[in-house]
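I have a structure here, written as structure tokens, and I will follow up with some questions on it.
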Amino acid sequence: MSDFKPFDAEFEARVRAFITGMPITRLLGLELARLGPGSSELVLPYREELSQGGGIFQAGVIGALADIAGGAAAGTLLPSGQVLMTVDYTVKLVAPGAGERLIARGEVAKPGHSLTVTSANVFASKEGRERLCAVALVTTMAIDLPKARRPDAGT
Amino acid sequence: MSDFKPFDAEFEARVRAFITGMPITRLLGLELARLGPGSSELVLPYREELSQGGGIFQAGVIGALADIAGGAAAGTLLPSGQVLMTVDYTVKLVAPGAGERLIARGEVAKPGHSLTVTSANVFASKEGRERLCAVALVTTMAIDLPKARRPDAGT
Amino acid sequence: MSDFKPFDAEFEARVRAFITGMPITRLLGLELARLGPGSSELVLPYREELSQGGGIFQAGVIGALADIAGGAAAGTLLPSGQVLMTVDYTVKLVAPGAGERLIARGEVAKPGHSLTVTSANVFASKEGRERLCAVALVTTMAIDLPKARRPDAGT
Amino acid sequence: MSDFKPFDAEFEARVRAFITGMPITRLLGLELARLGPGSSELVLPYREELSQGGGIFQAGVIGALADIAGGAAAGTLLPSGQVLMTVDYTVKLVAPGAGERLIARGEVAKPGHSLTVTSANVFASKEGRERLCAVALVTTMAIDLPKARRPDAGT
């Protein structure tokens, strides 16, 4: 589907360093499973702390996962020296987030110099079977990395 | 603005028990500041773990806060025996989430037997000054509490 | 992608009658190109009246088209005796709507007894080449057709 | 609520000329009732052509109205020489659009050099009584008016 061209060969290492370096990534226990040009796959193992109770991932956690998956996919098409900021995301919860893990797949719908729109689907994986639990659209804006910041300090 | 009538006098205790009982509330460190009929105020103190780095709350955390504020406001108008499920939320980030805490205020726009729509505004409080950092719309659906579940197990 | 099962063989005729019978369909000049189980394709030829000026379809028209494409796709999975009501749609405009026609394709993401979520992509076709100009998510709710209403009177 | 400062005293004439000059405004029969710094009020009288049947404004029409109200409100804060482009809108339909007219009120939530976020509420007026029928959030982007274009050619 996506035949996007990244700016350079370092896109994967750059996005991986960024995502894995975010403190929120560690708090959630988020894993970056796969990156391609314009696409991403993230995995979030279930822990009770991420739930609203009853073994169900809380909706805001599912939305946060979709946001990060969208940002990761969009980030693969960024040139070095730019970072992303989410400006908008919409998430529709279509089934309870019940399972051993959530899997979020981001796919750039339309890249842009300033704004990039990405769709992200979130699946709940239970006993080896995936079930769609949320669909999302994420808009990110590219901003120039402040020179004073460390490469991993952005968004 | 909101002249909504709760079903009974227990609405505040019920929503408070539900929100404070969610494991995600504890993971985030979320505080329930105020509840009224159709309205809510939640506070989220800054911790580096909630950031994307650089002292900024991560966008997905801001969205999760808006979702919970929306759900809390909608929950105040629920009868006993029903719980809410978020079916949709849209969040627009309008300024960086930089400050000592986030304050989210939910306000029911339109209650309904099945679907309720709530708006939530998120402010970043820095040195005593609040700045709007996100606006959101949240749709929740009321569902009957399964008899087998404990009163606080839903959402 | 979609391997949805319609309720009966009449689904296409039912949705076609509904969409083509809406007065707004005639005002816009909307054409229903294709329906399948869980999917739709609509075409909207350019007229200056649909523009904001400058030969560009106005954003609200693009959103209305996405809404109708989403509703048409969702409608194919409805049983006879129910109609749909849009409860929510989000549309992201990713390129100017410039061309001889817009083509909207709706695809059900998740059908439900009450709420169905559909994605709709809108393309601007110019000199035989399609270009994505908007992506949307549409949520519809099934409601029982009032007995007193004519079959085509719903939403 | 809004204590926004327009760039100059011509803001009202500029937005009025723009909105009333759009061909879609005439097709819909839209009236611009009021403009202030960061706010707008638009009125759309009912005609069967704007309906889905049954005397109800069609959802896409309601969304288009919200989009235009949002754009009009945002437009009041633009400097001369810039026009707006909608990049995103979300509309939640909370009650049937039944009445003699729709009234849409846009209010800027956060103006920005590039992106401005506006909320828009749509009311159905029936026998002199207004009822909220939709809430929306609209994001617009300011773009420099191409020199070659006439002042009213943008959006």
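Labels A, B, C and D are assigned to the chains in the order they are written; within every chain, residues are numbered from 1.
Please note the rule applied: a contact is a pair of C-beta atoms (placed from the backbone, for glycine too) under 8 Å apart; a residue touches a chain by one contact, two chains touch by 3 or more.
Quick caveat: nothing in here was measured; it's all calculated off a predicted structure.
In terms of the distance between Cα centroids, chain A is separated most widely from D. Counting C-beta pairs in contact, the pair that comes out ahead of the other among B-D and C-D is C-D. Computed from the mean C-alpha positions, the centre of chain B lies at a distance of 33 Å from the centre of chain C. Centre-to-centre spacing of chain B and chain D amounts to 29 Å, using the average Cα coordinate of each chain.
Taking each chain's centre as the mean of its C-alpha atoms, chain C lies 23 Å from chain D.
Residues of chain A in contact with two or more other chains: 87-88, 90, 92, 115, 139.
Across the complex, chain C meets chain A through its residues 88, 90, 92, 94-95, 109-110, 112, 115, 117, 119, 121, 132, 135, 137, 139.
Of all the residues in chain C, the ones that touch chain D in their complex are 21-24, 26-27, 48-54, 56, 58-61, 63-68, 71, 85-93, 96, 149, 152-155.
Chain contact summary for the complex, chain A toward chain D: residues 87-88, 90, 114-115, 139, 141.
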